[in-house]
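Across the two complexes that follow, subunit A remains constant while its partner is subunit B and subsequently subunit C.
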Partner chain A sequence: MLSFVPRPVIRVAAVALLVYAFLLPNLVQPYTIRVAATILVFTVFATGLNLILGFTGLLSFGHAAMFGAGAYISARLMLDTGMPLALVILVAVGGSAVFGLLVGLTSWRVGGDYLALITLGVGQIFYLYLNNANEVTGGATGLPGIPAGTFFGWDLSSIENVYLFILVATLVATGFAWLIGRSFLGRSFLAIREDEVIARAHGINVPLTKVVVFGIGSGIAGLAGVLQVLLLGFVGPATFTVDQSILVVEIVLIGGMATTFGPLLGSVLVIGSTEYLRSLADYRSMIFGALIVLILLWKPGGLVQILGIGDTRAGRFRSPFSLFRRTGSRPAAVEPVAEPPAPRAVPEEVRS
Partner chain B sequence: MTALLPEAPIFKATGVGCRFGGVIALDSVDFQVGPDEIVGLIGPNGSGKTTLLNVLSGIYRASSGSLEIDGKPSRFKSSRRLSRDHGLARTFQNIRLCPSLTVRDNVLIGMHSGFRWYDALWTGGRGSRERRSVERVEEILEFVGIADKRDEIATDLAYGDQRRVEIARALATNPRLLLLDEPAAGMNPREARVLVDLIKRIHDEREIAIVVIEHNMNVVMNTASRVMVLDAGLCIAHGDPKTVSSDPHVLEAYLGKRFRDA
Partner chain C sequence: MDLLQQIINGLTIGSVYALVAIGFSVVYGALGLVNFAHGDILMAGTFVTYGLYSGLHVPIVLAAVAGILAGIVLAGVVEEIAVRPVLKAHLLIPMMTTLGMGLIIRNVVELKYGSGTLPFPSFAGSGFYTVGDLKIAKAAIATLLVAILTLVVFAAFLRYTKAGFAIRVVAQDMTAARLMGVPVNRTIMAVYGAGGALGVIGGLLYANTLEVVYLGMGFPILLKGFAAAIVGGIGNLQGALLGGLILGILEATVGPSAGSYRDAIAFVLLIAILLVRPAGLLGARVQERV
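Let's look at the complex of A and B:
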């Protein structure tokens, strides 16, 4: 759509947007800052899932659990210990990465739709745990009153500063995912998505790579969880339901699988519209559902591909969203079979 | 016949069988490849050629018999380890490229064995090893003759070029033994001649042993130093191309009993 715009113009626009993003706290109402911060939190969350779903083609419908793990670990640490925020982030990200690694182990035995069911189950179990383990998680009421932190002397008690902190974290997470995406690791993710047999036959350690991508993707989601805690000063189980997992899948699909800025664009559209188009809330699922079907059919690179503003390695309809794909070997291409020679017509007079 | 066998085979299969339920795809096959050979593997459809290749490259497990690579048993080695540790590479009968990646990315996938997953975490795709790999990919693309198409999406290429991308990707693993599964399928005679040259060059310039399955007799007769004929999971003939092509058993398997003595 924007392909007629010269590249430099897009670059300048991107830089201008970035500057605007940094100046935002001085320009708009606190409510808008809050919405923008929420969008960024979901960008980070979706960036984690994008590595798993978009790059590696593994269906994870329980990603809210990793998000929640990061949030609850950091909330507990901030409430109970005087740990510096940097350390809290490290522990929370590490904790959710380990959680992700464990869930990722299931991908050794199952793939495709079954993996989707298992992750869905993990998400649901985790939600029930949050809701019922009163001593640890505060049960249905959650953990209120989490103190605002300071990050190396940077006071995060005002919404403006929290927003800026989240913005920086988003840039770090996006940059990290970008580096991974263009490295050999990213390419091995893509190879697994496209064809596991090929990946194996060319020396890629498929099981290890799958677990690694789950770990990295979950770690990034855990970071999003910490940011969420900083933003809200509260955690409750309602933020980590299976609905939330589905929402982030929506963001990845709409934004564009296996793209760098897909999570951001998807998040702007999905979260932004939820906030600003509340009158259309009843139709939201319908509109996004239709949009996802259209995207999967024609533009697997999502908004990034539709707008034409970046590389897309989203794959074709068959491969990226393996709900519609058999796991294992691909059906053999139909080889042309020589027609048997037609019986020669026997002239009338000979027959008689 | 035995005089033809290599002195120190890279790969040695003895009495290898492979069955799927009641179907015997491979009955009992002896197979060897030496370090400086091009072995042709022919046979009618369903005779077990591709199964043999899949067993050799670790994609299928042999149900019986023994396999050795570099003198070590390999029956239970995964295709990843055969590729990484023993330099075994292959192409596929039905072209299997990563459809949405560029030619260069496809070939780069062949270079993964030299990388550990955490390398990416601190080099972010800019490490010296990655840069060297990209240079090597350029060299390989040049070698197979598709350097000008490096940035195209692999599946947008013509059929013959897709085959060459597959060969390039296999070469990127730095193999000692290359298994080609019907590389000339779907090629026109001119493309097939270019392929014959390419196979010879891979063998001569890169010193890679090659096993090639092919229905195109021109390709087999012009490249292979030794030909093995499979039928119904058994080896029915084995020897230099000339002898094999006039072997009565081979004629029977391909054309039927009637032609055996014709």
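Let's look at the complex of A and C:
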């Protein structure tokens, strides 16, 4: 859509947008700042899932549990100890990463579709735990009145400062994901997504890489959880339901899988429309559902591909969507018989 | 006697899980794809029956048939719109499109019926049969009978009809099936239709057992059906049956002592099975094809 715009213009616009984002607290109402901060929190959350779902092609439907782990760990620490915020963030991110590693371990023996179910189950069990372990999590009422922190002397009690902190954290998380995407690790993720057997044949330790991506993606989601606690000053189980996990899957799919800016664009659209188009609230999941179907049928790169802001130059790493088709686009040397693809391993037969 | 009572309760709900699991398994076995709209399709079909039966006072048998037909049509539509065009794309894509279709279906039902819990009059009537010390609800007997009948009919369909044979052939090797002149596209549609029908029957029996229908009902049934399918060995119909019954009995016997963690039983069982025997109890060892 924007492909006719020269690249330098897009770059300048991006920088201008970033400057605007930093100046936002001085320009708009507190309500708008709050919405913007929520969008950024979900951007970080979706960035974590994007590594798992978009890059590696693993189905995680329990990502709200990782988000929640970060949120509850940080809330507990901030309520019970006088730990500095930087340390709280480290512990919370580390804690959710370890949680993610444990969940990821189940992928060692089983394939991707089973993982969808396991993660759903983990999400559900986590939600039950939040509601029932009253002493730790406050049960259904949650943990209110979490004190505002200070980050190396930066007072985070006003919404403006919290917003700026979240903005910086979002930039860090996005930059981190971008770096990973360009690294050997990120390429291994994509290779696993395209074909596990071929990835293994190229010397990638497939099971280990899957566990690692779960850890990283969960750590980033845990960071989003901390940010949400800072933003709301409260945690409760209602924010960590399965619906939330599905919501973040929607964000990743709509924004664009395996892209740097997909999570941002997706959460601007999904969260922004939730906040500002309340008249459409009744039709919301229908609209997003239709959007997912349309995007995946025609533009699997999501909004990033539709807007044409991804780097799609040939030969560059950042064009995963030509890889997304099983037939046709692979070089003939790799797959001499182009048609038809062998179906994935299925059990021998459906016995009656 | 108490244990026996609970086992009977478990068999009842387990047979419902088994139906859903088989509906799920038949799609997975044929295409290797998880149909994430399955839960929403069965919920929508159940609501069609509810609307006709409670709202328009259509006789229950007709209403149930209409609900099942609605499930078949919906599953066919999902297949036609969301799966067929991307059948050759990365596996992730057809799964995520079914998720999107599920969201749409659920939203449509929500607009019509809202998100509250609605009473679903049990079509077997209330009341108990007493056998010795056992009290068996009429609804439970109806559920068991319908579930067993459905399973037998479906097994016969797969085994003795041409369409059933085509489904088995496509599941074994889609390419070879196409070369042998099996109408693969039509067969895939039949697979989804069959899955939808089994799902709605399961949904109706679930509603009949609990005497409620609600918007979110597709989700727990789907999860447990999915779990049952995997526990038994996905793609394997006897396995799905076994998995459903095991799950139901476990929930009924261990459930009361698990308290509010009752819903976690399915997942603990599932994770344990996957770690010990990833192919499921009756599943064949999955071969990797390069």
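In this text, the second predicted complex is superposed on the first by the 311 of 352 C-alpha atoms of A that agree within 3 Å, B and C clash if a C-alpha of one lies under 4 Å from a C-alpha of the other, contacts with A are read in each partner's own complex, and residues count from 1 in each chain.
Criterion: a residue touches a chain if its C-beta (ideal position, glycine included) is under 8 Å from a C-beta of that chain, and two chains touch if they have at least 3 such contacts.
What you see is a predicted model; the values in this text were computed from it and never measured.
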item: Touched partner set for A:278, first subunit B, second subunit C, both or neither; value: neither
item: First, second, both or neither for A:11, with subunit B first and subunit C second; value: neither
item: Which of subunit B and subunit C A:203 touches, first, second, both or neither; value: first
item: Touching partner for A:184 - first (subunit B), second (subunit C), both, neither; value: first
item: Which of subunit B and subunit C A:118 touches, first, second, both or neither; value: second
item: Which of subunit B and subunit C A:212 touches, first, second, both or neither; value: first
item: Which superposed partner A:293 touches (first subunit B, second subunit C, both, neither); value: second
item: Greater residue coverage of subunit A in the superposed arrangement, subunit B or subunit C; value: C
item: Touching both subunit B and subunit C, residues of subunit A; value: 194, 197
item: Complex contact set, residues of subunit A against subunit B; value: 179-180, 182-188, 190-191, 194-195, 197-206, 208-209, 212, 313-316, 318-319, 330, 332-333, 335
item: In the complex, subunit C residues that touch subunit A; value: 25-26, 28-32, 34, 81-82, 85-86, 88-93, 95-97, 99-104, 106-108, 110-111, 155-156, 158-159, 164, 167-168, 171-175, 178, 219, 223, 226-227, 230, 233-238, 259-261, 263-264, 266-267, 270-271, 274-275, 278-279, 283-284, 286-290
item: Partner subunit A, residues of subunit B touching it in the complex; value: 57, 59, 78-80, 83-84, 89-90, 92-101, 105, 108-113, 115, 117, 119-121, 123-125, 127, 130, 133, 169-170, 172-173, 185
item: Residue numbers on subunit A that touch subunit C, as the complex places them; value: 53, 57, 59, 106, 109-114, 116-118, 120-122, 124-125, 128, 131-132, 193-194, 197, 242, 246, 249-250, 253, 257, 282-286, 288-293, 296-297, 300, 324-327, 340-352
